[in-house]
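Everything below concerns the one structure shown next.
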Amino acid sequence: MNETLSSSGETVKQTLTKRYQRVREMTLWLCKPLLIEDYGLQAEAAVSPPKWHLAHTTWFFETFVLKKYDTKYSVYHPEFEFLFNSYYQGVGPQYLRPNRGLLSRPTLEQVEEYRQIVDESMLRLLENCDASEISALVELGINHEQQHQELLLTDIKYSFSFNPLFPVYADFPLASKYESVPSLRWQAFEQSLFRQGFSGQGFHFDNETPAHEVVVQPFQMANRLITNQEFLLFIEDGGYSNPLLWLSDGWQVVQQYNWSAPLYWRCIDGQWFEYTLHGLSALIDELPVTHVSYYEADAFARWAGKMLPTEAQWEFAQFTVKNRQHHLLLHTAEPVFHPQAANLSDSLSQLLGSCWEWTHSAYLPYPGYRPLPGAVGEYNGKFMCNQMVLKGGSCVTPRDHIRTSYRNFFYPKDRWQFSGIRLVE
Amino acid sequence: MNETLSSSGETVKQTLTKRYQRVREMTLWLCKPLLIEDYGLQAEAAVSPPKWHLAHTTWFFETFVLKKYDTKYSVYHPEFEFLFNSYYQGVGPQYLRPNRGLLSRPTLEQVEEYRQIVDESMLRLLENCDASEISALVELGINHEQQHQELLLTDIKYSFSFNPLFPVYADFPLASKYESVPSLRWQAFEQSLFRQGFSGQGFHFDNETPAHEVVVQPFQMANRLITNQEFLLFIEDGGYSNPLLWLSDGWQVVQQYNWSAPLYWRCIDGQWFEYTLHGLSALIDELPVTHVSYYEADAFARWAGKMLPTEAQWEFAQFTVKNRQHHLLLHTAEPVFHPQAANLSDSLSQLLGSCWEWTHSAYLPYPGYRPLPGAVGEYNGKFMCNQMVLKGGSCVTPRDHIRTSYRNFFYPKDRWQFSGIRLVE
Amino acid sequence: MNETLSSSGETVKQTLTKRYQRVREMTLWLCKPLLIEDYGLQAEAAVSPPKWHLAHTTWFFETFVLKKYDTKYSVYHPEFEFLFNSYYQGVGPQYLRPNRGLLSRPTLEQVEEYRQIVDESMLRLLENCDASEISALVELGINHEQQHQELLLTDIKYSFSFNPLFPVYADFPLASKYESVPSLRWQAFEQSLFRQGFSGQGFHFDNETPAHEVVVQPFQMANRLITNQEFLLFIEDGGYSNPLLWLSDGWQVVQQYNWSAPLYWRCIDGQWFEYTLHGLSALIDELPVTHVSYYEADAFARWAGKMLPTEAQWEFAQFTVKNRQHHLLLHTAEPVFHPQAANLSDSLSQLLGSCWEWTHSAYLPYPGYRPLPGAVGEYNGKFMCNQMVLKGGSCVTPRDHIRTSYRNFFYPKDRWQFSGIRLVE
Amino acid sequence: MNETLSSSGETVKQTLTKRYQRVREMTLWLCKPLLIEDYGLQAEAAVSPPKWHLAHTTWFFETFVLKKYDTKYSVYHPEFEFLFNSYYQGVGPQYLRPNRGLLSRPTLEQVEEYRQIVDESMLRLLENCDASEISALVELGINHEQQHQELLLTDIKYSFSFNPLFPVYADFPLASKYESVPSLRWQAFEQSLFRQGFSGQGFHFDNETPAHEVVVQPFQMANRLITNQEFLLFIEDGGYSNPLLWLSDGWQVVQQYNWSAPLYWRCIDGQWFEYTLHGLSALIDELPVTHVSYYEADAFARWAGKMLPTEAQWEFAQFTVKNRQHHLLLHTAEPVFHPQAANLSDSLSQLLGSCWEWTHSAYLPYPGYRPLPGAVGEYNGKFMCNQMVLKGGSCVTPRDHIRTSYRNFFYPKDRWQFSGIRLVE
């Protein structure tokens, strides 16, 4: 590859290297509030312990880059290929997912050393290699690590929530006063033939392509997310005990798990609280309701006489309004790890960086979709069944990781992500 | 309603009445091979006993037509509303689905009497009422009963299959000699804007509407279903033990249930057999593979380097070729309750009445979809999650029940329907 | 064997033959109230369908007697060895217990024919054989069938209880008026060295031997069983919600299954009813509480400040008072299939033929216990773990089947037998 | 209480105080090989994390002694009553047992501080109080802590065993050479009337009383435990695949969990290894087989044509031979955390301090048993169901904690204790 210069005068390799370092450091920075005891927590199979995230993201670079392209690299530990493989059958068998919390060894110190050694090797490789060979994989690894930064936070929140001491991740309380949020308004969009998916330059996942034309029917989209106050009305109206509001599968889940509120809401002596990464907080009316499943989002929409958007509608709206304002505050001096209230001035607010927004669309391949070649082909493609698409990123999605065509996907009953509700009609 | 005449000179009411009688009789005719002991079989929660089907289809007319429109009708038994309600929360609570097989009482005789009394009331009502008021509901009930005719057969097949005596439903063996099937060929379709869904006159379910435009990307469709012989190659190539061929959820199911062949295949002393409604039969190479899950269909397609069609592709193809030939043989003198081999002469054969064909499309509402008003609104809408669409009807779908826009839906792991594999590329 | 004469002048063979016939007929007589639909009911794995009982008891004679001692006997059906083997690993594999209800074939008619043919062969064999060779096995088979007579009734009661129509087995209601029962009194027994277990002549199971000396500590035994009225006081005092009254394992079961009353009690509009083989009946104060688990019996005893008897205490008491009065009414003109109220005149009443009485003794082998040789050795021995001993027989135990040394055994959570509570202090 | 002098010239209070200090220190000493990451491990609900053991044993003194008898004591943390209550319903509700591993907070440091503060309060109280009031409870707490010392080791061994890195607790390997063990010999005991249970002075649990007479039938007891080599013969003879050797419940467990060897045996490339607290070790023939369930012990006995001893037989034998030699090596300079080979010179060897020996006796109350008054009455009594008695202590039972009348109890399927096999005939 030529030493292509980017607009800032850096070579591509320099840019990539800086980005690699920044993202790898960010992961460690996010771990700072944790104590050694926290690094092993895994409250259920779907979440992973912080230490495992640290090791697995490192494993990704070791497995897909160093082992393949760095002839001098010698494997850090022969068992790590097995221990920190998440789900790549093409690489080999994997340690049982529900048992990740049982790996007290390797210790945190060893995992940190593992990170350091892999980082040193990666930086050496980046300096000496032909970037064209590995830059796509390195970029994939960086984006992969950014996904795990978000998971690291949502997973630790989930595991902490089982502790009656309500551990605090971010050591200052949420603001308790908020300006009142704008009332719900509806922005109209006409029928159109829209080019959905990723087109253009820059990194994107395989599942965002190929871009392709779809017909979008006319619709109106709400100007903001549903608030805690609005969701409380649903609860008080008996929403969780009226089967007519729910999808059949959703109603089964409600009964099986005795759901009666969003995941982190707690009713204590008749008053509602919400467990947040900033500790237990009285429920704040103005903030968007979050940590709801698709079933709850869908039931709320039915109760309100509205619908959830399709993926194409959401993408079309976001594309149209060019609303690229982003609430993500991770890089500010005092980042807030919770979605913030809607801004009074926005036409369509909270589209990016507030809550992942459940869409009415199943996670399926776009026409002509092809997974990446090799074992990384398992990254996205094999999950295209039984899950729903979410759009827009959340308050804990890294700022430079999100884009309009990004397709996140979770099972309809999942609630541990910062997932919220946007309505259409 | 005016005594509108149909083309045959019959009034609408006469046509409807005849159809009512014919379909109701057909249900009883399908039960003829059963012994009293068979009527209570329920091998798992997803299937229902024949007696329950007999009662529930009757309950449908009693609940949605007679109770509402026949002021003179007195309820046959006060507990039947509870016992034979399938899932209509708007009507009231339901007897636990997995326990339907425990209802030895009411006896078969009582259920037959229940049918007769409801039929007499229905016929009286049809004669005396204003047809415009009830004809839509009666037509819905007739189509509902036709769906249960199919379920009655697939359910009894499933329950029979647990009996090592291999009970025979249809008392003659499958033909053992078949002409060789045509080789796989691919028919090309160009990109087009296609109007998907039901438009026109006549009965249809709410989920087939509204018709709406979709973009169909160019594709090629296989001329026939995959055969047992072809599926055997997948098995012999280690298809069931190679995780790289499977969706992640599918691979979990394969391991959980130890799947190694389609539902009714049995390997006895190294030779393959298939349990059919005609008894246990040596596996016949030429017949379409059937009783496969979406996961198996998808894995087979990946193994073959092809894909499953989307719902729109299937519908577009079927619409284009005007192939309305139907293999359904239920009305012939000696009906065969198993899909037949592809016809050499067809361009696209087996599209209707052979096997339900798994599509690559999730079962979701069409844009602008509205469920029917009232409790019958629960008929289709609340199942629009976690299921995949199947098209085309099977060998046990009543001939006048199937159409191009028909949307059947099952969970990706379901195998007890006559479901088969059509490929596209 | 000599043609030994019994006291009545019959030969041993004649006696055995008559007994065989009488017991076999009794089984059919007990089935008379059943409809064909009832014969396949199996509400859970622990209970078996009536038809299966009919076939299995026949299988027992076929397998252990005819196949071995009747050289001319040809097996009725080759698959029956598999289908109707309960748990004899020494005979071969068994059809899955939870699936017994799925065997609609063989039909009832075929099973009745099976019984008849085996009976004919048995009678022929009994006439022609040397009785000393087979009489022990025939006697075992007869007692085995008597055990299944009791199970047939308790199993059908259990399966019927899932039907909201409350099917009636015995077509007349329980008496609604009862004399008041005697008040609880305590009969004292001194410490003694007691010979526990079966000694003497006549049939007995292997688990009743060898008789052996045990030390019985001094105790006092209640003169009758605990009544419904007394148990109601326990319920009203919060017995089912106070963990301090329960064994740790028992409390887990109470919470897991939400127990709040004995198995067949139903609270309808604030009034207590009990489902019986005579139909749903208002709860009758004077009758003994029945269908309680060991956990409930133990919790009641703790609540009352008393204990359950040990097996040795019970046997010693029964032996001492020579109370052989038996409430079993099966052979009367109008048998009652429910335990009756205590008799005012008895010193220790209801010891035999009312309810199986939970003892405080685990079901373990007696010192020196040896199972029968051959596959029938699995009859009792392999169950000697995790179960508790019950004594005395119930209202549905055949009269000539019960004796002081008889050891019945069930898991502490089992409730579907007619099990009741006798206290000691 | 008078300042009664013990034989060594110490007052009772001095003795108790010293003992308190020694045992509390021992717990911390046992934790020394652990890393912070290890303190939270809980591989299944039945085991607890080391940190939880540290806190719970402290909670015991705080709850039952300080809160009641130290008027100046102020509770360390209000939530600890809930978090570290194991199962005392009389004290209040308990944090869910399977979630103990999720308590990353309080941290290890806090728990150590908790221990220290409670210790200081306890020592102050012991100095100033009337010992007669609290010495029984303090002694109970000390014995309670000793039980948890053993659990701490068996639990961490269990949790470590899920880690493919085979963490090492004791940092030196097991000796690989052993003298050959004595051959199996049988020591005879005659029938006798034996006084079972605890009599005499000194601490004992409520469940060891009252002492009472039992008849012990004549028997012969093996001179030593079964070795790995002998158990291997059972495996090689197909012991784990022959249902005729197993109790019915045991056979179900074998199939459910696919058992094919004792808990910590691993077959790697055709060679047997055993995971021990000293790391993974080639299987050593001469050592006693350990970590077997009751089912396995019973199946082995049946295979060998022998039996397991009853509790009375075991106690009688141990009492008779006055064999008080103890293999426990915890207090030596280099303790070994694994049972050692039998000593050639003993008549009955390994009775104490090698492996807990499964008896054929269910864990039930002795005649006249009364639990302790108050909440500590839940200590033993409520577990008297479904468990079997084990005798003799293991290699990790503190030396001054074991005695002849000691009754340990586990479920028949439990394997994570150092449980072994002693035969009788």
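By letter and in written order, the chains are A, B, C and D; residue numbering begins at 1 in each of them.
Convention: a residue touches a chain if its C-beta (ideal position, glycine included) is under 8 Å from a C-beta of that chain, and two chains touch if they have at least 3 such contacts.
For reference, the UniProt names are A, B, C, D = Ergothioneine biosynthesis protein EgtB.
Predicted model, so just to flag it, every value in this text is computed and none were measured.
Using the average of C-alpha coordinates as each chain's centre, C ends up farthest from chain A.
Note: centroid distance chain B to chain C, computed from Cα atoms, is 47 Å. A separation of 60 Å divides the Cα centre of chain B from that of chain D.
Residue positions of chain B touching 2 or more other chains: there are none. Contacting chain pairs (ordered by label): A-B, A-D, B-C, C-D.
Of all residues in chain C, those touching chain B in their complex are 35-41, 43, 51, 79, 82-83, 95, 99, 101-108, 159-160, 162-165, 167. Listed in rising order, the residues of chain D touching chain C in the complex are 87, 89-90, 193, 212-215, 217, 243-244, 246-251, 294-295, 298, 310, 360-362, 364-365, 367-368, 378, 382-386, 412.
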